[in-house]
Every structure is written in structure tokens, then in C-alpha cells.
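Take this structure first; my questions come after.
Chain IDs A, B and C follow the sequence of writing; residue 1 opens each chain.
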Amino acid sequence: MRHDHLLSANQLSRDDIEAVLDRAATIADDPPDHADDVLALLFFEPSTRTKMSFDTAMKRLGGTTVDMGSAEASSVKKGETLADTVRVVEGYADAIVLRHPSEGAAKMASEFVDVPVVNAGDGAGQHPSQTLLDLYTIRENAGLDDLTIGIMGDLKYGRTVHSLASALTNFDARQQFISPESLRLPRSVRFDLHEAGAQVREHTDLAEVLPDLDVLYVTRIQRERFPDENEYRAVAGQYRIDEATLADASDDLTVMHPLPRVDEIAPDVDSTPHATYFEQAHNGVPVRMALLSALLGGEDR
Amino acid sequence: MRHDHLLSANQLSRDDIEAVLDRAATIADDPPDHADDVLALLFFEPSTRTKMSFDTAMKRLGGTTVDMGSAEASSVKKGETLADTVRVVEGYADAIVLRHPSEGAAKMASEFVDVPVVNAGDGAGQHPSQTLLDLYTIRENAGLDDLTIGIMGDLKYGRTVHSLASALTNFDARQQFISPESLRLPRSVRFDLHEAGAQVREHTDLAEVLPDLDVLYVTRIQRERFPDENEYRAVAGQYRIDEATLADASDDLTVMHPLPRVDEIAPDVDSTPHATYFEQAHNGVPVRMALLSALLGGEDR
Amino acid sequence: MRHDHLLSANQLSRDDIEAVLDRAATIADDPPDHADDVLALLFFEPSTRTKMSFDTAMKRLGGTTVDMGSAEASSVKKGETLADTVRVVEGYADAIVLRHPSEGAAKMASEFVDVPVVNAGDGAGQHPSQTLLDLYTIRENAGLDDLTIGIMGDLKYGRTVHSLASALTNFDARQQFISPESLRLPRSVRFDLHEAGAQVREHTDLAEVLPDLDVLYVTRIQRERFPDENEYRAVAGQYRIDEATLADASDDLTVMHPLPRVDEIAPDVDSTPHATYFEQAHNGVPVRMALLSALLGGEDR
């Protein structure tokens, strides 16, 4: 990549994406040596898989990590600004992975430091390394060209969905969005997709499109989005899949989910050949190894 | 070991135990190289010594660890099941160490993953790596054959006691249990010990057996087990030892405790030759090095 | 250093200090190999920069760290004493870095263990590794001889200030203390400085001394020290600097701060050549590398 930071999926061209995915495919067999590099993990919000996945990726590159710990146990509690925190940390580490509750936090941080910043989630904004591992999983299982993908669930607030939809405009992909009315894509995201020439359609019923899908990407509908518990249950129940739901799907359908799931995908799907969400999570390691190595300049040494 | 997981002391034969203890005795001088191995630490309950001890052991093997952090700061808070968490983590790590408040959690987890799982405590269930370091300490200080051991304190809820008592049935050991009536061994544990042909007796008064003991293993009586504060004080006071208590003991008596202690062992015991509980804690490192190396296949490389 | 522990700046002679600073200046180019050493991080109070800085320093030496985690998630919660905790941990690690809310905690801990203990802050007591990086920063920017330094803010409770003032008595330094009446140096510190022959003066107004200063060391005035919010605001406002405040300063003035800052230094100072506080924080890594390597015996191997 010719970028200094990874802040948004929007900054990635098709060439950028393919370079990372190609490298990810072989990096475990032939890892570059980052023994002298230190990666800082700054997670201002809870995370299991993203943080452990970056931590693992850095260690599989032979490097080390230093962890700020939880925001409650840190100087943040004493009133320090994010700009000050990252300016201190750039003196410790060769790159920074940042998760923060505020949209735009990673971009702001990147303007204060000279080391690469990776946005690992900024509020309802972006989560571009998740997008790279999603694309890797799609490419391995269904291919990225002549693709029909259904994206279902909370399309309004899900940063994972926004990043993925944007990145898919680089490929020959038909995007079918499936959600309740109240959780449709934000107008701004829809506008950007149309501007980019994306092939987009919106639905409220999975059955309309299921047979045509190569990939079904399911996301969690969060209870707290609904003022009324009954309304939540009615809506969530319609966007939940199980083995029976998938009877009309193609034998080759790939079912994905960024995890954690609560009950959007029933456990009986886990043992079907459709289930690809654990493989998807595991792909976080080689994809992030390739990403970190590119940002740290590992391949040039 | 020929096991894939270490879930319970019950699964360990005398040969299994001796193989780990023999390797532990020399592993620091000649550590196998686990530079390519990553160990995941999943602690759903607080822990200092067990977690730091596994962390240290893995690093002394040249390997690395990735830590889930506290359950509060993780996806668990979002409602993820343990089965999903471990299926994600097996994609990051070569082995998993798990502590969980629910009895049977480690066994359940092991059924979902292909990497080795070590049970580092499951509620009132088992804590088999603690047992291995306890046996190592006994072997170094008193020998494991023709042994008379007193096990005192909370015998009802202590998972450390249940694991140790079970493992000792592999050796020629007389087990003397000393506790208040209300904290006697659970009927099921007593039954299993008798089935295994163990030489077991129960007492309420330490003085009855103290002079005959080679080892006295003291455990903590927890205040919260007693509805009444006065009852707690009366009972706890009787199962507390100090230098005066030990006047009738053999000069060679080895005093052990799984730690942390509160006041079951008075500080004046620390400077006597009986005190072996810090050495016991330190033995966690070589014993866990040997255990992890066996599970990771380090010796075969 | 010929010391076993680093507990207080008072224990450091001029030769000790210069040995660490000299080594720090070159250690990044030629790091000793501590691949076999493990450093334990025991932080009983929140910390970002001190903990991450020690963690980074140890990893840049090729070594590893094991972290107790927060006091809430540890055995401390079960009532374990600090003496027991460190006696367990000395079996895991080759050195211990300890932060604790109680003054004297590090000294007490050092009396129970055979591995080196570094005091990383003990209540209102000492923080000597901060002092070493402060001295390093002063030496690089203004020199340690024929120095005029202003130390401003909370001089009563600031352990950073007490350690620095004491260490500066080893050098030809004029110390100008600037604070509100209510936050003057404690009588005991003033006494010790006079005993050591220090050239010390106290002021309530920065303007009196600003033009003569080579270094201005600013510290945070904590709201919680004042019973009355209005009194706090009146006082804090007088000891806050911005670009306008510095108009009367020497062009070569070095402005330092131990961080985190809240609003004692306005952001418009950050882009002036005076601002040295981020460089100061970054110096924590080479200085702590030199310190740890000396305590671990790295240079003798």
C-alpha cells in the first residue's frame, strides 16, 4: 500500500485491496521478520476479537505489542485528550491500532502522529481492517467478481456494513440489502454507493433474494435500537436464520457474520457447509499480518 | 502426555503425572523452543498467580501469549456464548488456557475446538495444573510414596483439594482430612476416593494427626460460606496455624498452601523451615512449562 | 549502578545518574540482549504512560513482560498482602516494577524479595525513573550545569517534583519554585533541599522569574485538592501558560511537563520551539532501557 494510515475503506483502491489479500494468502508460510517492531493497542471501547486478532497478527510477525489497557485504568480518566495520548504513544511504538467511540477519532489521531494509525472502529464510522478480512473470505469462498451478495440486519448503525458496501464498489458485485424499514442504510451511504455506480437494491424480505445469493452477510440487530421490546422481538425474529430458512438457498451459499452473534444465526447452521463465520474470524490473522507488514514497511527491508 | 486437553486431575495416570514432573525438573536448563507458538489466556474470573504463572511459563518457552482481558471488557458482555468465543480464539492460538465460573466449562469448550484446552479452574470443579505443581512440590520435599498428608480447611468447596485428593490415589499416600463439620469433603468426592482404594480418614481437630504428618496442606476458609459472622470466626480460628501450633509437628513437616492466604497461616511460620508455599507457587512455572510443551508437541519437533 | 533496587531519587549519586543517562543516549543503537529476562508489571493504580513505557523498554531490550492486570481483577481483592504478592511474583520474574497507592510500598516490597524492585510511584512519595527521564531531557536541551529551572504548580503533593528537586541537588542548579501559597513545597522537602546545599527560592508569581529560566517544569494542579471550586479556578488560572505568557521568556526556554496535562499548558504552546513535553515522554523508553539493563545485569553478560 502507498498509504501511511488505514482510516477508512473508502481510501482503498482495487489494487490496494488485492495487494493485501494476495499477501495474506501466503504470509503464514513465509512471514517477514518484524522482531524489532512494537505495535501499540489503544482500545477505548471493549473488544475481544479485533484486539486479540491484531495482537496475534503482530506476534505471528515476530513483533511485540504494548497495550494501553482499558480506558478506565488509564490517563484518559485524568482528563487527557486523545491528541496528547497518541503523541505520547508514538514515542513508544512503530504503529498504532485505535478503537474509539467517536466517529472520526482515528483520522484526527493520524493528523498528530508520524507513525501509521489503523482505525479499528470509530463509533458508527468505519472498521476497514474488518472489511479486508471480509473481502478475503468472500474471495476465497465465492470470488469477488460476478458476485451477488445479500447484506442483512442493522444496516443503519453497522460500521462493518458501511465499510464493506463501500469497498465492494471496486468489484463487479450486486449488493442486495435486507433490513426492516427502520434500519435501512443511511441516506448518505446510499448516495455514495449510487455515486460510485454500485449495483444496489433494497429489500425487507430475505425470501425475495435468497435463491440468487452467492454470499449472505448477516449482522446483529441490537435491542437498544428499539424503544419498545415487542417491536424489537417482532423485527429481530424476521432477520434471524436457521437451517430451515436456508432450504431455498444455493448449495454454494456462503453465510458470513462479523461476530459476536447473539441469535441472528441459529446453532444448527454451524454444522452446515454454508457456515463460514468462524473461518472469517480466523482470516483476521493473516489479513492483519499482511496489513501491518505493509504499513510497517516489512517487505522492503 | 497422550492427551489432547488437560481438563481434570482424574484423567491423569501415575505415568502421566511422573512424565510431567520429570520434565519440569530439568526444563529450565534445557527449554524447548516454542517461538512459533501462541497461547491464549481466557480468564472469565479474576486470577493473579495462575494467569501470571501460565504467562511466564509460555514466555520462558520462547513463545507468546494473547490475553482476552477481563470478561467485562470483552464480547462476552455483548452476549456471546463460550462455545463461540473459543471457536474464534482457536483460529488465533495454538492452545487455550481457560478459567470460568461454571463447572464443566473447560470440558464443554474442549468439545468445540481442535487446539488443546487447559482447565485453569471451573467453578467448584477442577484445577488440574495446580495439582501438578502441588505434586511436584510434595515430591521434592517429602516424596510421593509412603506419604502421610493432612489436608485442612474448606474441603467442601475447594477445587484445589478435590483435584489433589483424586491425583494422590495414584500413589501410596495416606490422606488425613481436617475440617469443621460444615466444610467436610462432598459425599461424591469421598465416594470416588473410596472407589479408588484411597487410604482416607476425616478429623475435626488438627492435633489428632499433626505429629504423624509429612505434609500439611492448608486452604482458605472463606467468610462468605457462613451466614453468621460469629460462627465464621469461631471456625476459622480453629483451622489457623502459627509457629506455636507447629511445636508438635515433625521437624521435616512441609507446610503448603495454594495461596492467596488471608490469615490461615500466621506470618511467623514464613521464616520456619516448614514454610513451602512460596516455593510451591514458584514451581508453577517449570511445571506449566512442561505441561504446555507436552500439549503443544514441543518435544517432538 | 551498584544498587539492587531503585526506590527513591535520594539514593542516586551524580555518578549513578550520569551512568544511566550516558547509557540511555546510545542504547537504542546497540541494545543489550535480554531475551531470557522477564519483567513483572505490578500496577496497583491506573497508569498509561509509565506502564506502557516500561513495557516498551523491556520489549525493545528483547525481553518479555508479565502483567498482574488491575488490582480489581487480582488476588488483592481476595485480601492478599503486598508482601505475599511480591514473594510469589519473584518466582516468575527477574525484576519487578511496582506502582502502589501507599507511600513506602516499594521499599517494603524490596525487603521481601531477591529480585530488583523499581518504584514506579508510591502515593505522594517518589517516582525515581520519572526523575531520570526528566534529567535526561534537561541534559539534552539545557544542560545540567549552570542551570536555572522553574518548577511550577502543585509542589505540595507532586511526587514527581519531590524526586526531581532532590536529584537536582547533585548538579549546579538554581531551583525556583512557583506555586500558590496553599501548594508550596512540604516543609520536610524544603528542609532536605537546604541540608543538601541546594540553591532554592520560592515565588507565587511566574513573571518574577520567567526571563531567567532555562527550563520551566509545569505540573498539574488537581481540582480535588481544593474544597471550593471557585478557589480552584482562581488559583489554577494563574499557573496556566500559553503562548502569550511565554513572550517574556528566553528563546531557548525548554518547557516540560510530566503529563498527562489537563489545561496547564494551552495547545498553542505545542507548536512553539519551547514545547519539550512529548520528547520528554518519549525519553522514558531509552532511559528505562538503560535502567532495566543495569538492574538486570545486562551489560555484564
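The criterion applied here is as follows: a residue touches a chain if its C-beta (ideal position, glycine included) is under 8 Å from a C-beta of that chain, and two chains touch if they have at least 3 such contacts.
Everything quoted here is computed from the prediction, not taken from an experiment.
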**Request:** Quick one: compare the interface residues of subunit A with those of subunit B and tell me same or different, with half as the dividing line.
**Result:** different
**Fill in**
Note to self: subunit A rotates onto subunit C (CA fit) by an angle, in degrees and to the nearest 5, of 120
**Asked** Where the CA atoms of subunit A average out and where those of subunit B average out, how many Å apart are those spots?
**Response** 40
**Sites on subunit C at which at least two other chains make contact** = 70
**subunit A contact footprint on subunit C (complex, rising order)** = 46-49, 51-53, 55-56, 59-60, 70, 259-262, 278-279, 281-282, 284-285
**Asked** Mind pulling up the subunit A residues that touch subunit C in the complex?
**Response** 38, 40, 64, 66-70, 72-80, 84-85, 87-93
